[in-house]
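What follows is a single structure, written as structure tokens, with notes after it.
Here the chain labels run A, B, C, D, E and F in written order, and each chain numbers its own residues starting at 1.
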């Protein structure tokens, strides 16, 4: 199977390869506070490595990472950079239309930052109306919820968020150990008020560290389960989509 | 002098460093056809390497590269991906406001793709009204026009465009030789109709290769003159801007 | 406690009452296919009745119901009417700013249609920046997930969707029995493909009826548990928000 | 003739009925100050009752009332809620496109709030270009001006506005007496400066009550003439439009 | 009194004059079909001449004419050029903000094309919120309706429209006889369907000539009454507005 | 050859003439400070006279001048009026679509204000996608750079700007001597900082007069060379475009 980094192709040879692989994968993350032990680029690094692994599995082009995302909840933490949903949607719709015009018929956005998911879904729906024969995916760790239960040694602090914690740090250990400083890892279990699900709630209201749980419990093995599950599910979905093209 | 890749900092330590360096540098390029000898990512690679060199000179943070740009003229060439001016402007304005909120007071966009220049300038003007004490720069090889005359062995095919040619290939040889395949370099001198400056003109109307000149004449030395000139001018301007902050 | 329908007040007396109750509740639903046994207005009826009950509990004004929502997934089913996220966001932001200008300091959107949740959250965030002292809530059956497990006789067909099924029909039986025709209730358990969470998927791809489960198992008692739980949680949150105003 | 409230239909049966009646009627009003004797919801109540009567006459579906409108002139009066023209236009265009997709070919907006008329007309024109075979009407008491002259005991305070006055109160007495409190009705005849037609003029500049005339002179009989005239004209126009469909 | 054409001033002297006259007058018309005897520029010519006369009366600067307007109804007639309400609103808001920044405190848009009136009013309202101490007027022949009754020899074909007819041609004869070709003037009395007030209705549905009445009855004297009435009213309003500035 | 002022045609005769000439010319300038010796309307006067001369050469309609443009750099100078790029783009796109609908197939915007060039180019590109068979030009003194070198007695103060200087004043002397007051002409040679090309720089940062050079050296003869060169080039391009239509 081919695994090609799209941007390192040249324009004399790329057309034919697009027609062959048909799938473009866009890693998308964010620049966002991730506690003392993980870099601001954590979500970008994860999106990129996941994308490369996924591309190996299905034969696909990996596009350059879009490293800026919607970081409303943590925008006031040191280092975070945020773009609005509206700006992100427009930007992605343009990229998507371009990919379609270049001959791609499947586009997988591999997202490692939950805050982007709304914009990705909206962009996909806009493109759905514009190019009905263009299959677009917005992945965020499929299968995560199911496998997480068997892995966690601590309870989740929230039903959908996980951040710089036992889980995400494990994923980093598995995919990008060199950027993970376990000596600085901390345990910080916030009380997230119930209202946070129903009213705009910047995270400084309940955490000073941006670590939502116990990062010291992270292990490479936990990360492996999450990542391999997610990869297998994404690969399955993309393979099926590709089969349906023919 | 400090040269820091911003996204690899962590949020516990970054605030203080921002207050010290005060300058953020954004590399911005495009995914665009660059002939047979240069990759689609050429402008991204150049923007990134220029930014790193510039950051060394002035002490600054280098932000993650924004790898998608406005590629109207070459959008129909194999491999190109384009975003509209409007989308790019909004995206950059959001990033800029975030940087300001994080404490940066100088923002240099180091652009290696001429097609972005309109959007960068507009974004900077919008931010100028919003944050009057935020100095924003949109650089595209300052000094290039002056030094190019002494370097070129062939005449320019256009007064402002240069693309995948003697000059840009030289810059690649100097900054990123490993991505430059001189064995595939070609000479293709198009006749650009005068009207192209005054009417929408996709480049396929005058070139099949996207090479605007003689890439075979490129040398590392020519690239050095252009790059070092540009770096010195950018560094001068940023140093002066930083002095004015105090 | 006061329970007032806002729109039946007159402008000579309303100002003083606003200053007293401080809370405005907006019922919001949709016009959407709900199978053979429930009307298109199901979500509007539910939002309205929930709002009235909530207003009784906390002393609040109930605003006129906004009866049109974002119905992308079911837009092609007979009877459905949809508005885009973008249109809905703008409309709600305008209403919210008006409420703020009228003296309200707490605004609860009581939503009975999951598809609206994205727009409600975005509108609330936009208003958060505009009026920092305005507390805005976007409720969608808080506590539902927790209590549903103890109630269901059938398994959920999806982790977040429930529609015209055992649960929603139970809620209708409890709140609006007169609009529920149990003789027409059906059982229809679709196979929702995993990809539906990651790609635009109109519901006609997996259901002909728009009933996601077994509506024949609905009972008033099941509805009571869900509704009373949700009401208690919403009331708690609003009471706390009101206490914080003083 | 059928008179159906659209939202109480179910999706299994509605399609066929749409194909039969072909006409959708949208009541649209506003939440707006109407003096001491009329509720904030006056325009919504009127739009709704007019729509129901009109639907009886022509056989049509009545959609759920859109209860929020453009209330610029009275936005600062206690109780008023306003949405901008731009937001209202987008919202209506979305509803209209949905109705068209559902099979309606005639859409009558029955408007009881003059301030909405600009947005309704603009929305209709946008839809005119998008769906050339979709007939859209924006009614605001047709025939009113003609019959008003024979009814009034007081002179009009303005050539186009009438508000909470002899006329509108009469209409309320005829259509919704239960919401009209004649004991609180007042006479307040403002001097509207000529410039009000040519410059932005919030009504507080010329009235404290929002009553533009003598509400004490209202009678059910006056209301009957206005309403029955308007209904007859609207019915005529819709019947003719329906005839032209075939 | 001063009557100055703004654009022929130079920037060294204009500031002081602005501070003195304080009033800017913008002539605005359209390029629109006006029958066989009047030019496409009719509304521009009228707006300009009215503005010059008005400026003489009140001492004001006349700005360059904005010659493009919203011509929806006649957009399909030969020669017409139309811009959308939305585009026109934005353009005018920008001009208005600039005038305010230059020191003007009164801005009168003298409009000779009814189709523009919606956009002018909306632009004025947007500026009203932005610059509360900026008085903006959107004039369209004030007093016309009152005096027209005494002048007309034929009945009006519509309650608000008049176009290329007895009245407008009379105005042209009075203000711009040199552009009026009475030998080509025609009489063409259309039947405007009642529905035209309530549904999008391009004028080709009821007229082939765009002349709404009997242009052959036009006289300079009729035009004089209309024009002098309108001028007197506009001048009164502007004088009062200027008095209120002090 | 025909040279017609479009707006003075009537709608009965214009259609046939459009089909014959096929070319519409739009003069576009700005209201902008031009020193003590030139009026605010300088760019409008120049655009208009150039357009008339060009129309004579190629047989074309001259549209009414659009007298408002993007004047960001000089917006704070006395007298300047500016509209944003975004507003200008939308306005031009609307005009362009109208011209296309009227039967024009070539549209030349003759621009005499450099600040407009960005908006003109963007508008042309938007229309290019909408109407592929519509040839649109945005001219700004073609050939200027080439001939200027042979004419200038002083060095240019900037590589692309020229303003109210030896050159522009010469053009005025040649095309509109009656609006040029050479007795007030001054010499003022600013030092434009290099950074001005790379950061938002209102011109008051380097000039008090808005004269960029030595206006006293202006002569009619210099203006003639620039103007006749530009006219010849524009005429050539338009003639070729017209030939290609057939």
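The rule is simple: a residue touches a chain if its C-beta (ideal position, glycine included) is under 8 Å from a C-beta of that chain, and two chains touch if they have at least 3 such contacts.
This structure is a prediction, so every number in the text was calculated from the model and none was measured.
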For subunit A and subunit E, chains touching each: none
Fewest touching-chain hops separating subunit A from subunit D: 2
Maximum centroid distance from subunit D, chain identifier (CA atoms): B
Separation of mean Cα positions, subunit C and subunit B [Å, integer]: 49
Centre distance in Å when subunit D and subunit E are each reduced to the mean of their C-alpha atoms: 30
Length of the line joining the C-alpha centres of subunit C and subunit F, rounded to whole Å: 57
In subunit C, residues with contacts to at least two other chains: 86
Topology of the chain contact graph, where touching chains are joined (line, ring, star, complete, other): ring
Ring topology as an ordered chain list, initiated at subunit C and continued via subunit D: C, D, E, F, B, A
Subunit C - residues contacting subunit A, complex: 72, 85-86, 118, 121-122, 124-125, 128, 135-139, 142, 145, 159, 194-195, 197-200, 233, 236-237, 240-241
Complex contact set, residues of subunit F against subunit E: 6-15, 18, 31, 33-41, 44, 63-68, 75-84, 86-88, 90-91, 93-95, 98-99, 101-102, 179, 181, 184, 210
